[in-house]
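Here chain A shows up in two complexes: once beside chain B, once beside chain C.
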Partner chain A sequence: MIPEFSHLLAILSAGLMLYSSLIGIVNHTSDKSHKLRQLTHNTFNAAAFFLFLSFAVYIYLAIQDDFSVAYIASHSNSDLPIFYKVSSIWSAHEGSMFLWITFLVGWLWLFINHTKNDHEFFELIIIFSAILIFGFLLFLLATSSPFERILPVTPLNGADINPVLQDPALAIHPPMLYLGYVGFAIPFIYIISFLINGNFAFEWHREIKSWSLFAWAFLTAGIGLGSWWAYYELGWGGYWFWDPVENVALMPWLAATAFTHSMHALNKSKVLKSWTLFLGLSVFTLSLFGAFIVRSGVIDSVHSFANDPERGLFLLIFVALITLFALTILVIRMPKLYNNKTVVSGSKESYLSLNNILMVTSIFSIFIGVMYPLIYETFNSNSVSVGPPFYNTIFAPLIFIAAIIISISINSSWQRTNDLKKIFKRFFVPGILSVLSTYFIYTSSLYNLSLLQAIGFFSGFLIIFSYLIVMFNKLFDKVYLNWPSTISHLGFGLLLLSIAANSTFSIEKNLKMNINDSFEFGSSKLTFNNIQFGNEDNFERIRASLLFIENGKIFQLTPEKRRYFTRGQITSETDIKSTFLKDIYINIGEQIEDNSWTFRLQLNYFIKWIWFSIFLMTFGILMRFFVRAQ
Partner chain B sequence: MLEHRKNRLKNIFLILLCLSIGVGFILYSLNSKIDLYLSPSEIDFQNLPTTRIKLGGVVKKNSIRYEQTLVNFTLTDFSGEIDVIFEGIPPDLFKENSGAVVLGRFSLNKLFVAEELFAKHDENYMPPNKNISSIYDS
Partner chain C sequence: MQFLRYSLLIIPLVIIIFFGFIILNENNAREFVPIEMTKFSSTTLDNKNIKNSDLPDTYFLNVWASWCITCKIEHPFLLNLKSNGIDIVGLNYKDTKSKALGWLKELGDPYSISIFDYKGDIALDMGVTGAPETFLVKNGKIVMHHLGELNQEIWEQKFEPHL
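Right, the complex of A and B next:
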């Protein structure tokens, strides 16, 4: 009974969304009565309420172990703690799509009820929101229904959630990421409504700015959490692999970063009008493109989620229609958006535009990298794969230029040019400091610094020094300092620095050890003490115990290998001990013939700093809401 | 008016020029940075590829052997087989009769030396366009 109730609510919600958009369209094209507008709004709210209720009931079903629901039966288990019963909902395609749509409705519902209803294109916002939501609900109900049931013979217990997904970081990583992706539906809908409405004097960016920044914060945190989870739970030992699934998350992030920056320029000096509109539309479009790539299986990824041509086709058509519609409207309206204000070269907005171009270039390069195997396959009999070397060579020069522009732009001002002498003087100190620091690392490190790594170090140092100098000046003069921006950009500089340092200093060693063997390298020593076998409720385990001694400091490491009973799945539990600069990361492998075991020891330098810098970037943005900008 | 049009044409031309130079650079970089993605039956033993390639297939049953820190196994697509050697700890999902992808080169003795080893985590074993069910049916 209850599963049908949840299903019915979702169908009802889809119907009401369609109804709301239809009344809206009829009213908008005819007499625009206030009463009908109210009806459109109320119907939308009711539809949103039904969907929230439907999702709440679904959560209840998951908690209550209703294994008559096929999706819950194949992804949950009665032995799971409640926390993972709930998170099992988004552990596969159908449920995660349900969550995605619920968030979409949540954001749009919040926005619509937050904005003033005497807003000049209020009704258009509701119409487009309702159409968008209806389309996705149709996709969910028709091609990937999480409500299907196993009747009359209901399984006694569920098939269990994949053990590697039983992890707090993974439980919150998808929701965070989706909140980010879907959050950009607000600027998307708002911009389309603005373009159709046709009052181009209206300052559309004012209302949308904070919403976009919020969504940006979620997107950044979501990507960071995903990277962290892959590192410590999947035992990959790294943070980023340039896999298509990761790349399609990076594209909207870059577009969102460009969008929020150019919106800032628009706000300050009324330039880049149509460019900002274009970026605003592209963020959500790229999010949808990502959803299509991940959920259709057209691109061969090591970890793809669902390979279903029917879903792929539906998504492709829907995403293509949305994109085409948005871009067509933009192109039609473009001539009327003509702006008589131009960007003054040498002003802050000019540097910002340059970095915008770099960001779009990088999006374009990633896009080509993701699509190239598909294009290549069309014309050739065999296939290819595009890996990290491509992306690294593309990104390094772009980041190098971007860092220099960021550094210069700190001391520039809005709407007027600074003379070159002054700019050069200000750039001189951080520039020299960064060159010296990079050179210091080059000479003092035992490793060969590649050109790419040197670029990473230099760019990171340059951004950090530039902002530190500004902060230092602040101590003596009462100059204005934009704290949120400073912190976010320091985070970005630190990110580049940590990535470069990680790739330069990290060490990986594959070892074969018997009990009581030790392995020495440099000033450190690893000793394999013993191995234990044990049984837990839902898995059996092998746990090795090792000592890592470095300069008199002792670290106890206990990596594990587990075999879960329900699925027979084997997982490795990495053991990680962190110091200020590095992670000592150890994985246990197989037992080989002479009873010894294989281990992988990694010393990952600065990897914690990567996540700390992502935190700084997010924190800086959130700070914006608490610190009054001048 | 004519001047205005001339300017616009000049701009369009400039944008196209920049764009094509950019795309040219990207494609050039792509060509030197991509790896061919092959399956075992596509390997010609008389004429082994000399560049780094990606090889995808299924780990043959009873073929995994561990030796020191090396892993030896055979990758198959049910019509061709390649012996692979990898130094390190394979991922958790690496097992017999499961999909794996390796990145590396052929050594002189026709052994594939993998620099990286991935285990695929879905039911799709093969590189794209190679339908597993058609192999089972035949």
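Right, the complex of A and C next:
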């Protein structure tokens, strides 16, 4: 009964969305009455309310262990804590799509009720929001319904959530990412409405700036959490793998970064009009592309859901229609958007434009990396994979140039050119400091620094020194300092530095050890003490106990292997001990014939600094809402 | 400039057509290559010894377990197949005998023979990734392998052409 109620509410919501868009279209193309506009708006609000209610009821079903619902039965379990019963909703395709749509409705509902309704194209915004939501609800209900039931035989116990998903980071990471992805539906719909409305003098960017920044912050945090989860829970031992699904999340992020920066230039200097519009459309388009890649099954990845051609085709057609519709309008309107203001070379906006080009280049490169194996497989019988060397080689020079441009642009000004001498003088100090620091690492370390790593160090140092100098000047001069920007960029510089340091200093050893064996390297020693077998409520475990001794400091390490009863799945529980600079990371492998065990020991330097720098970047973006910009 | 503007439309269009091509070809492109059926020697749920030669020339092999929810969903369909005279061999996967027998007693037994694979060794050799999965074996060769729920649509699409 209650599951049908939730199902019915979702259907009702879809119907009302369609109804709202139809009244809106009729009214907009005919007499534009105020009453009908109010009706469009109210219907939209009612539809949104029904969907929220439907999702709330669904959460209730998950908490109550209603295993007559097939999706809940196959992804949850009565023994799970409530927290994981709720997060099991987004542990597979149907439920996560439901969450995705609920967030989409949430954002658009907030936005629509937040803008003034005497707005020029208020009605258009509602119409397009309603159409977009209707399309996705149709996709959910027709091809991926989470409401299907197992009747009359209801299972007593659920099949359990996938054990690797029983982790707080995973419970938070998809919702964060989704909030970021769908948040960009606001600029998308706003821009389409603006273009159709046709009053190009209207300053469209003012109203959606904060919304975009908010979504951007969610996207940044979501990607960071995903990376953190892969490191701690999946036992991947690294922070980024250029997995197709990571790539399709990075593309909208880069587009969002380009978009928010370009919007800033538009705001300050009234340049880059059609370019910003294009970027605004492309962020959400790339998010949809990502959703298509993950949910259609065209690519195999840890993240991808089960392969279903019907779903893939529906999504492809719908995403294609949205994308082509948006781009067609842009192409038609573009000549009218002609801007007589051009970018002054040497001004702040000119540097912003250059970095925008670099960001679009990197999006394009990732896109090629994602597409190439697909194209190759289509025309050949065997397959290829595009791995980290491709991305590292492409990204290093782009980041090198970007870092120099960031450093120069700090001291440039809007709409005015600065003479080269002054720029050179300002660039000189951080430039020299960065070269010296990189050289210092090169000579003092025992490691061979590759060119790519050197570039990483230099770029990171350059950005950090440039901003530190500006902050230092602030102490003596009453100069204006853009705190949010400074913190975010310091975060970015630290990110580059941490990535370079991580790849330079980290050590990985695959060891084969018997009990009481020791392994020595440098000033450290690893001893394998014993191994224990045991049973827990829902899994059996093998736990090894090891001692890692370094410069007199002792770390006790107990990596585990678990076999979960309900699914028979085997997971590896890494043990990690952190110090200020590094993580000692150990994984237990297989037992081999002579009774010894294999271990993977990793000393991961600066990996925590990577999460910290992503936190700084997110914090900087959010700071915008609390610090008044000048 | 004109060309640049229209390329904004042409490039996505090409990508969309490409993906349409991939999705529509999904079924044809991944044609199943027959492989040798695993040699095994085990016991049935009713404690008889069983090996390959005890099985008929052509049979369906369904991997299932009492802990598997999707198995419960596809169960009525298997019973339906049995009533149409189709021979299904069950491979009980990582389960306990009492639970498995209880399930068959409660829900009905669609299998002519039920092999008991407690450790999942036979399944592992056959390339099983989880339950349920269904195989079609003809003269000692696996000619079709389906992962996940078996229903009328998949039956018609994947298995019926081989009969």
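One rule holds in what follows: the second predicted complex is superposed on the first by the 626 of 630 C-alpha atoms of A that agree within 3 Å, B and C clash if a C-alpha of one lies under 4 Å from a C-alpha of the other, contacts with A are read in each partner's own complex, and residues count from 1 in each chain.
By our rule, a contact is a pair of C-beta atoms (placed from the backbone, for glycine too) under 8 Å apart; a residue touches a chain by one contact, two chains touch by 3 or more.
All of these numbers come straight from a predicted model, not from anything done at the bench.
> Using the touch definition from the top, say if A:Pro389 reaches chain B (first), chain C (second), both or neither.
Only chain B is touched by A:Pro389; chain C is not.
> With the two complexes superposed on chain A, say which partner A:Phe194 touches: chain B (first), chain C (second), both, or neither.
A:Phe194 contacts neither chain B nor chain C.
> One more residue to check, A:Phe599. First (chain B), second (chain C), both or neither?
first
> Report the partner of chain A that touches more of its residues: chain B or chain C.
B
> With the two complexes superposed on chain A, say which partner A:Ile375 touches: chain B (first), chain C (second), both, or neither.
A:Ile375 contacts chain C only, not chain B.
> Return first, second, both or neither, reflecting whether A:Phe400 touches chain B, chain C, both chains, or no partner chain.
The answer is neither, since A:Phe400 touches no partner chain.
> Of the two partner chains, chain B (first) and chain C (second), which one does A:Ala70 touch, if any: first, second, both, or neither?
second
> Residues of chain A that sit at the chain B interface in one complex and at the chain C interface in the other, please.
307
> In their complex, what parts of chain B are in touch with chain A?
22-23, 26-27, 29-30, 33-38, 42, 54, 66-69, 71, 87-92, 95, 101, 103, 118-122, 124, 127-129
> Which of the residues in chain A come into contact with chain C in the complex?
70, 73-74, 150, 153, 155, 158-159, 278, 285, 292, 296, 298, 306-307, 309, 312-313, 316, 320, 323-324, 327-328, 330-331, 334, 371, 374-375, 378, 566-568
> If you look only at chain C, which of its residues touch chain A in the complex?
Touch list, chain C to chain A: 5-6, 8-9, 12-13, 15-16, 18-27, 67-70, 72-73, 94, 107, 120, 130, 148.
> Given the complex with chain B, which residues does chain A contribute to the contact?
Touching chain B: residues 164, 235-236, 297, 300, 302-305, 307, 361, 364-365, 368-369, 372-373, 376-377, 382-387, 389-390, 393-394, 510-512, 569-572, 587-590, 592-593, 598-600 of chain A.
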